[in-house]
Each structure stands twice: as structure tokens, then as C-alpha cells.
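Right after this note come the structures.
In the two complexes that follow, chain A is the common piece, with chain B as its partner first and chain C second.
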Partner chain A sequence: MSSTGLRRLSQPHSRTAPPTRPLMSRLAPAVPYLFISPAYLLFLVFIGLPLVATIVISFLDWPLLGDPHGNGVANYTKLFHDGVALSALRNTFIFTAVTTAAHLVLALALALGVQATRSRVVQYITRTAFVAPFLMSSGVVALMWGGLLDHDFGPITYYLQQLGFHPPDFLNSRAWVIPCLVVVDLWQTIGITFIIMLVGLQSIPGVLYEAARVDGASWWDRFVHVTLPMLSPTALFAIIVSFIGAFQIFTWMDIMTDGGPGNSSLSMVQYVYRSAFRNFQLGYGSTIGVLTLVVLLLFTILQFGISRWWVHYERM
Partner chain B sequence: MADIPSTGRRRGAWTRREFIRRAGLIGGGVAGFGGLASGLTACGSSGGSGKGSGNGTITLAISGTSAVTKKNWNATFAEFTRTNPKIKINGLFVNANGWVDFFSALQTRIAGGTAIDAVYIPTEGMQLFANRGLVNPLDDYVSKDQAYVDTLYKDINPTMLKGFRDHDSFKGSTYYLPYAYNTTCIAYNKKIFADRNVSPPSAEWTWDDFKKVCQAVSNKSKRQYGFLINVDVWGGFEPWVTTNGGKLLNDDWTKSAINSPETVEAFTFCRGLVADNLSPSPSPTANGLQLMANGSVAMVLVGAIAGSTLKEYGMDVGDLSILPWPSKKQQGASVGVGSIAMLKASKEKDSVWTFIKYVTSPTQQNAGGGGTVTDGQLPIRNSASTSKKVLSQMPEGAENFWKMLPYSQFVPGTANSTAMEGAMNNTWSEMLTGSISPDAAAGKMESDINDNL
Partner chain C sequence: MTVVFSRLGRWLLNLVLIVASIAMVLPIVYTVITSLEPSSQQFKIPPEWIPRHLTLQSYRLIFTSIPFLKEILNSLFITACVIVGSTIVSVLAAYSFARLRFRGSSALFVGLLVALMVPTQISAIPEFLIIKHLSLIDSRSSIIIPALIQVFSVFLLRQHFRTIPRDLEDAALIDGAGHFLIIRHVILPLSWPAIAAVCIVTGQYIWNDFFWPNLFLSSQSKMVAPLALVSFSDANGSGALGPVFAGVSIMLVPILIGFIFLQRRLTEGVGFAGVSR
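Our next item is the complex of A and B:
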């Protein structure tokens, strides 16, 4: 529909118009909403309804193929006494905290490095190289890293041994399994945080740095008093996105370790999957899903709450 | 401007609240219709939609998506349709990493409304599917064709048949007819043994002999190992427990029997293989045949294995030799029996029964090709599994698969076998890496079993 047509639709009626307005005229007020309705519809179908369904199912005892029965709060009571759920929550928290912090620091360092590079070709190649792993299938990445980190046949162990080290069995060690998964996660997803940080850096007005230079500020002073404050809204966004993404981690654990050794790398989402589709306890799986949602919500609210003390929205 | 209210909103424009209310009414209608439609679809899918049940085509779900699996089964389907022109078979090949994965994927698909008429189910899933009311009882069909079923049973190893019949029924009804079986044996790569100047083991070998062979062929610095220990029940720890005189469950599968000195001794032996670098650390992604083809391991667990499968790894039937599991207190192996389960939702039950009779018939079982032979399974009939035609498709020593039947123990297939096996595999893997002791692992597995019975 042309803009002229749109304007015509939204124009008020003349006095000669019949008492009953034409259908198109009556629908005109809905037009703006129709433009945004696909987004709302997608949200409703893929997020809203499943969310409501998950909450409802969490109060049921549903063995997937059998009939569901009301179960009151039994699933929630079970959850608070479930040692495996506690273990999964702890693993996921550790993984998420470490990977989020590492994402932030590394991505900032990489972005600063790329921004400082004068050659456009080097900038282009570096940007592409960091983002390229993100385009790979997570399953392929998990298999690849599973092979690289394999204790008996992987090249990483082999070369460490050749250098005189005695590497642990990375994926079968309770101490090493989460750090290894963090490395894999960083390798694949650091590119996105890097791009976010790079865009944030590039949006800082150059005049601020010039003014700081005139005032005699060193590189470190400019970084601390100009870059970091101006980058803080971007950093907040990166933290929230990284945290939510990391908290929902599934692929690495499921393919590389199957949650082991023991349950030391079992993640929350993996436990949801395991409960619902391996143990066929759809109600209990949904309950764990609800807990995951609550944790994410609380974290996001907390982040926004404390952001007023460290995020600077002032712009020139 | 007179037509524009002071709020700045045009006359006739909807407020956000008004829009949401109207959209809610429309959306509710659409959702209601959609829900009704999907409900109807679900009903239809359990009765017949798409390629599924109700239009002369049977959809048979099978675990595996390899070219060999598809080729073998499709050959069987084509041959069946040639003799039964009114019935077509549509193979639903499900990509799964083991039976636990297959059952999970399959149940999710069925719950999602995929129309499936029949499923190839091994022992591990028999009670799981029957318990959930998915499988149709075969009592009427068996009564109608009692003479045929009797001749089939007569052509099956009696020990295996007894084990199967003990678990093929649920609440008094028979749900499964045996179609194929598989026992655990060990294959060694003859070339690796020759290259490392190690004499091939004999079929009468013991655990001690096995360990000596592992020591002779292993070389940690060259990343060469004797044997890959699998992370599963059937091919992972059950054969070791069985050959030491232990068992996983009591006879009627109502209670764990795993926490015994025999189990602890078997676990200690296996942990020793890993600790002594005779076996690589457990890995959920390890592929025994691939590692053997690379020369990384000399021996692997095998069930029935065909030359066509070996070719996928660049090997040939002449490269391998098959031996029974080494014994400690007794000979032993794990056995699993496969069946074509008729699903209750199928509208093609008679056609499914025709197919079940076809694949268990002497003609098809002796054909030496198609889905019934050597793709991880042997034909259930003695007359077929011991025939030269079948044996010739496998490496030398393949007769050990049926020779071990009298000493075999059935792999557990309880109503919650997926949860049980998942938990036990976790514990097994943890024990092999030394995170928990064999004694603690046996105790934990007892809980894993009893919690899921």
C-alpha cells in the first residue's frame, strides 16, 4: 500500500459521506497495529503460549504419553529436595558466571585491539575470524572440541605431553570439565560479544577523546574516564545477553560430557530435557524450566537495578 | 483540526487497550480453531494422516539413519511389497545415539502426533512401550495363526525363547513376536595383532588372558589401546558382570541384584583396564569401529556385524575375527531380542501382522539379506542364524553369536528403562574414570535400578 493510500485511509470523512463509514475507513485505525502484529503474533505463539503451558504443566504429573493428572505443588516440593537439580543449578551458575565475565573482558580487549588497528584489511579479517565460529552448528563444534580434548586420542593432550606436561583427563575430571566447556563456549560465541563491544566503542564520540587529550589525559585515564563510562550501556546489554545465553546452555554438555562425570557438568536445560524426554516426567521437567525462568528473571531485574550505579546513559 | 481530539489521538483510532481486547477476541478465535484443528490432527495422526496409518501404507520406525541400515530395510520393504502388492512400507529412520535416545525421540514424535504403525523395538524397550499403552496386544493374531507361531518358536534357541517369553507379555497379554537377536562378543583386528606380533587369543580365554592380550597390544606412548569399554549396559558392563556369575536384576525384573561381590569384582577389573592404560577413558562420542580402523584400539565389543557396515570404516570381514566374551567364573554374554511392535493407534493392524509374519518367515529369515540379517541383528530362527549364507556375511567366528545363547543374560527392559539406563551409564562412566569406587558404583547402580522399577 502506498503512503498516499495510507494517508487517504486515515483521513477524516467528509460531511457528504454516507452515515455508515466504509469498511476500509473503519479498519483504518488498526493499520498501525497490523504492522507490528507479526512480532506480537510470533511472541505469542513461540514464547507467550509455551510459557503459560510450561507453568500449567509444572503442576501436573504427565508421563508424556499417558494422561496428565493434577499434582498440586508436588513437583515443586520434589524440586527443592532434589540433589541433582541443586547440582545442575550450581554447575550452571558457575559456568554462566565464568563465561559471562570472560566474554566481557575478552571481547572488550579484542574490540580495543581491533579498533586500534589502522589497517582496514586486518580489521576486516580479524572481525570475520572472530565471528566465523558463531556461524558453525553447535553440534559440530561440540564434536570437534570433544575430539580435540579427548584424553587418549586428542591433539591437545598429545602436544601437552610432548611439552613435558601431564594433562588431566579434561572432560572426565570434575575440576576441569566446566573450565573446558567455558573455553568451548568462548571459542564459538565470543565473536558476538566482540561485535557488540566494537560497535559500542565506535559509537563513542571522538571529541571526548580529543578533549581528554587536550586536558593531558593518558591512555589509561582516557580508558577509565571516557571509554568505560561511555561503554557501560553496551556492557550492560552484553552482560545480560551473555548471561541469558550461558544459563540456557545445553549442547556442549549433552554431546561432549552427557552431564558427567557424575552430574558435575549437568546444566539446568539439560536436566529439563533429561527429566521431560528421557525420564518422561513432563511435569517435573516443566517445573525445572520454571525455576530456570525465575532465576533468569531475577538476575535481569537485579542487573537493571544495580545498573543505575555503574551505567552512564549520558551522551553528547 | 476539529476532528482531532485534544489527546492527539485521531477519532476512531483504537487505544492500545482496545486493540489488545479486539486482537484477543480474534486471536482467541484463531487459537481455539487452531487448538481444535490440532486436536483433530492428533486424533487423525493416531489413526491416520499423511503417509501414516489408514491408507494402505505402514509406517515402520527404525533406529538408525546410516546408508547400510536404510539399504537393508528398504530391500526388505521392496521384497515384502512385491509379495504383498496392496501393502507398502514407509521406513521412518530415526537418528539416535543408542536405544535410550531412540525411545526418547520416538515417544516425543508419537506424543507430537506423528502417525506410526509399527516400531522395531529391542528388549530394552519392550516393557517401556507396553506399559505406556502404545503397543497393541497380539493375542488375537497369535490365536488365529497359532500353528505358524508354534513353528516359529520351535526354530528359536530355547534359552533365548524362555528369556523372551518371560518378558513379552504385560498384564496377561502377549505384545511381541521375536524377530531378531543380538549377543555381545568381542572382535579383534587381525592386522593389528599381526603388526604387533601378538598371537590371536583363543575362544576359551579368561579375564586374565584378556588382560595379557591387552597388555601385549597396548602402547600408551603410541596411543594404542587393547580394548574400548562401552558406556552402556548391554555392551558396557553387563557381559563382565554375567561372566563373573552376577546379574543386574532378579529373574522377574522386580528388584536390583547388581550390588554383589561379583559386580564389584567385574567393575574393579574394568577400572583397572582404564587405570593401566589398556583401555581409553570413557567417552560418550567414542566409536569403537572407527578407533579400530585407525589402529587405536585392537579389540571392541560387537554384536552381529556385517561386511557392509565394516566397509563404512574402510575394513572388510576378513580383517576381523569374533570371539566370545572372556570368562571368569562362567561363560556369558548379554542378549537382546528385537520385535516389530504393532502400535495400538495403527489403522493397518492386519497389514502390520502380515509384515510381522513375513519378516519372521523361514523364507525371509533365510534370505541372507535385507533388514533381518547382520545389521546389528541376527535372524531369530536357528535355521537362519546358523546358516552359511548368514555367517558368510560376517567376520570369522560369527558362530559365537549363537553359541553364546545358552549362557546369555537378557539385557534389562523395564518400564522405565530409559531413565534407568541413563543413570547407570552415568555411574559406570564415573567409576571407569576413578571418580567413585567400584563398590560405591555398585551401590549407586542399585539405587539407579530400584528408583526406576
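Our next item is the complex of A and C:
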């Protein structure tokens, strides 16, 4: 490679050839655009266009097998009087808030524990055990947990009875269904937050702790004044990722409960799906999608806004 | 953070971590054990953790009741196509965003990033219409083509490419090397951990995805494994959980193989995304 290059540089005519420049160099200004074009084209067709189209369709009356008609804001008026949409929003909200908070606390505790143990074996076992469920299909996980939580022959009910409790029929109880789905969700996804937290912890420079110790700071002081501020950008990332993930939850409800009992575990995305592909109302389904999107964006912006007060950025 | 524990404290900590780890994998162990029991012993109360009789009856049932082998192969095929295709698309875009100067590059990049915040499932309806319009409904392409754009991969690779020193490339450029040569001989050799991470994250997402196949695929010859198990379970009720658990166990195999080989890469890659800013 280098010998050809040198030879080419040493040949005088290669510098003075604007009229017959090779194809590649005439294309040179376009190269960056050519390189991003596959990604961008796919992005526009499968992410950008659907997003814009959702907003447009939300103003239409469109039965799946019929023709669309303009419908003004009728879908939106209907949405604000739709009790099912309200409970879907509430369910999704409770689910997301509990999951995100639990993610943060459990993953941090776990990461601190794994970092504190000196045993490499224990570190390896914990990391493997907690990340493994994330690699399973959520559809498969839902089937598995459906069996585990079954009232008649699930082992969980049996062991709780052995311990002297009177467990309810978990997935058919209005009070218990969401907490159960939170547990399933945590079981599958906690590993990722845990790894994010662990890497965040490990990237905190040790000198900070040394300095704090020299100053006589206690374990608690170091945790509050070094670990937490240094970890806060990682924590913000973890919160936003788990919030966005949890807010579009679909699989657990679709497979394990079908939104039931009643509509007590119906989620927003599930309601979009149900309206469009079961009730065949593409317009109204899109309206629910737009509402979900708006709520999600508002909360993400809010989280970034609040983060100014608690996230500590520092260039090292 | 180095918490100093006494010897007893550390011993307790290890105990807690091990117990938590066991609790974490217990559901998987239960599933695999149940799938190996004869149907009369399955779901017996109390559960038998060490089965007295082992049988492959459930496995035979899942392969004979539905074309499960075909469905596994479909899943593998789709996952492989998406991993290869999306990685090529992402590497090209990431290289351009990380290394080339062009008008509008930062605006275009931010445009992509916005997509990370917008859940794609919300726009399931227009996506369905687009796929229908392209006559891709009920084809493997309906799963593969939209998945070729993985914004997260573009983002992660761009972040990584920016950490590679430019000197190497400048030398190559002076030598008259084109961009493809630079990508092949300079960028890629220094990026395997990041690329492995991107492949695993994408691969596990596609292998496991249930939402889009549920929307786009209907005929049994194109069915993917997770969706097939769910449909089988729906059709047969809880009585069919034995064969379903056998299917679940089979689906774990490729994941476990990938995981054993790539555990470090995965943790590095995911963590890298977490702390990069």
C-alpha cells in the first residue's frame, strides 16, 4: 500500500490532472452523504415517516379495511372521554414509575455489593446470573412466568402457601397484577441497569476516594460526596433508558394478562395495538399513540430539566 | 467505591450475592427441569427439583405439534441477516459522522439521536401500512429491512470511532488509501469490542423480538420461534406448558453459547454506552 502511494506521489502528472480527475475524487464531496445514505434512508422510511404519519392519521377516521376520512379533532375529543384510555395511561404510569425507581435502587445496591466483594468468582457469578435473563426473549419469559405464577400448579403459589400465606390468584387480581408484572420486568431487565451502574462506579477515579479518606471522610461521607455525584450522569442515563423502555411495555400484558382482569393491566402500547388491529380503528389507535408519545416526550424533557439540579458533570 | 468490610462482613456480602444470583436463575432452572419431566410429573405439587425420571417427551411434542425446527431456523436466519446488514449500515454511517466533515453533519446526527427517544412501537400503525404498501406483509423481509437501521449502533460506533487516533488515518490517506481501505485496515481492527457489543445488542433484540413478528407475520412457514411458542401456548392453554417449556429451553441454547463467548464484550459495550456522553 505504502509503496504504491509513494510512487504515485512521485509521479508529476498525478498532481496536475483536473480535467481527467478519477471518478473517486470527483465524488469526494458526496462521499460523506453516500456513507450515511443507507442509514438515513432507512431511518426516514421506517422511523421518521411513521412518526409523522402517526400524527396525520390521528386526525382521520380510518377503519382498517375502508377508506380514510378527515375527522378533525373528533378522535382527540373521544380520547379525553375514554375511560379505558385513562386507565391504560394510569396503569402504564404506575408500572413505569415503580419499575424505574426499583431499577435504580436495586441496580445501585447490587453494583456496590459486587464492587465491594473481593472475590472474582462471586463477581463473575453475580454478573452472569443477573444479565442472563436479559438475553431471553420477552415472549418466552412471559410464558415462563405465566406458568410460575399460575394459581393452580405454579410453584410460587405453592411455596407461599407452605410459608403460611394465602396468596391470591396473582394474574387475575386487580391489586396484584401490576406488581407481578413489575417483578417480571425487573427480573428480565435489572441486569442491564446493574452493568451500566457497575461500569459507572468503576470509572470513578480512585484518587477521589483517597483524597476523601485523607480528609477523614467516613464511608457514608464518601458515598454521598464522591460516589453519588460522580455516578449521577450514569444514573440519569439509566433512568431515561429504563423509563422509555418501561413506558412502551407491551409483551407482559399481551401474553400474561391480555390487559386483564378487566382493563386493570392494559398498557398504552397495548391499547394502540388493540384499537388498530382488533377494533380496526387506525385513526383512533394513532391518536392513542400520539398521546403516549407526548406524555413520554414531556417526561423525558422534564427529567433532563430536573437533572440540572442533581446531575454533576465534570471533565476529567 | 471501595467499602472496607470486616472479614465477617465480606463473608455475609458474598453469601447475599450468591443467594440473590441463585434466586435469579431459579425460574430458568425450574423451566428446564420441568421440560425434562414426564407429563405426569410436571407441575406436581410440591415441585420436584431433582426429577426421578427424565424424558424427552416434551421435546418430541413441541417438534411434532408445530414446525418448531423450521421456526428456529427462521429466527436464526432473520437474526443473522439483521446483524450483518445493520452492522454494515451502522459502520458506514458512524465512520462518516465520526471522521468526515460535511455540511449538516451535526444536524443530521442529532436528527438520528431524537429517534432514540421516540419509541417505535407507538408508530406501529403507519409502519404496518408502509410494510403493506411495499408488499412485504408476511415475509421475512418485513422483519429484516426495518431492523437494518439500529440508531443505537450508529451512536455507539460513532462514539468509539472518535476515540481512534487520527494519525493512523492521515498516514493512510497520504498513501492514497480510499475510505473503504481505511475502514477495513485502520478502523475495524481497532473496533472489534465495540462491534461485538453492537452485534450482541442487536442480535438479542431481533432473536427475542415478539412485537413486530406478531404484527407482520401470519403464515406458519415464516413464523419465528418466540411467536410460535406464544401462539402454541394460546391455542392449547396451560395444559401445553410442558412442550412450551421445552421450546423455551431450546431457545436458551444459542443465547447461552453467545453469552459464554461474549460476556466480557457485552458488559464492556453496554457499560460503554452508559458512561459515554
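Points worth noting:
In this text, the second predicted complex is superposed on the first by the 281 of 316 C-alpha atoms of A that agree within 3 Å, B and C clash if a C-alpha of one lies under 4 Å from a C-alpha of the other, contacts with A are read in each partner's own complex, and residues count from 1 in each chain.
The working rule: a contact is a pair of C-beta atoms (placed from the backbone, for glycine too) under 8 Å apart; a residue touches a chain by one contact, two chains touch by 3 or more.
None of the values given here were measured: they were computed from a predicted structure.
Looking at the shared chain after the overlay, A:263 reaches chain B, while chain C stays out of its contact range. Taking chain B and chain C in turn and counting the residues of chain A each one touches, the greater count comes from C. Within the superposed three-chain model, A:150 lies in touch with chain B and with chain C [touch as defined at top]. In the superposition on chain A, A:158 contacts both chain B and chain C.
Judged by the touch definition given at the top, the superposed model places A:277 against both chain B and chain C. By the touch criterion stated above, A:232 is placed in contact with neither chain B nor chain C. Contacts of A:250 after superposition: chain C is touched, whereas chain B is not reached.
When both complexes are overlaid on chain A, the residue A:172 reaches chain B alone and has no touch with chain C. In the overlay built on the shared chain, the residue A:307 is in contact with neither chain B nor chain C. With both structures placed on the common chain, the touch criterion links A:289 to chain C but leaves chain B unconnected.
Overlap of the chain B and chain C interfaces on chain A comprises residues 29, 33, 40, 49, 143, 146-147, 150, 152-153, 158, 255, 277.
Partner chain B is touched in their complex by these residues of chain A: 10, 12, 21, 25-26, 28-30, 33, 37, 40-41, 44, 49, 63-66, 143, 146-147, 150-153, 158, 169, 171-174, 255-263, 274, 277-280.
Those residues of chain A whose C-beta lies close enough to touch chain C in the complex are 1-2, 4-6, 8-9, 24, 29, 31-33, 35-36, 38-40, 42-43, 45-51, 53-54, 57, 110, 112-119, 122, 125-140, 142-148, 150, 152-155, 158, 162, 187, 192, 195-201, 203-204, 206, 209, 219, 222-223, 226-227, 233-234, 237-238, 240, 244, 247-248, 250-251, 254-255, 269, 272-273, 276-277, 282, 285-286, 289-290, 292-293, 296-297, 300, 313.
Looking at the complex, you find that chain C touches chain A at residues 1-5, 10, 13-14, 16-18, 20-22, 24-25, 27-28, 30-31, 34, 43, 45-47, 89-90, 92-93, 95-97, 100-102, 105, 108, 111-112, 115, 117-130, 145-146, 148-149, 151, 154, 172, 174-179, 181, 185, 204, 207-211, 214-215, 225-227, 229-230, 233, 238, 241, 244-245, 247-248, 251-252, 255, 258-259, 263, 266-268, 270-275, 277. Within the complex, the chain B residues that touch chain A are 3, 10-14, 19, 22-23, 27, 31, 100, 104, 107-108, 110-111, 132-134, 223, 225, 280-285, 291, 296, 416, 418-419, 422, 425-427, 429-430, 433, 435-436.
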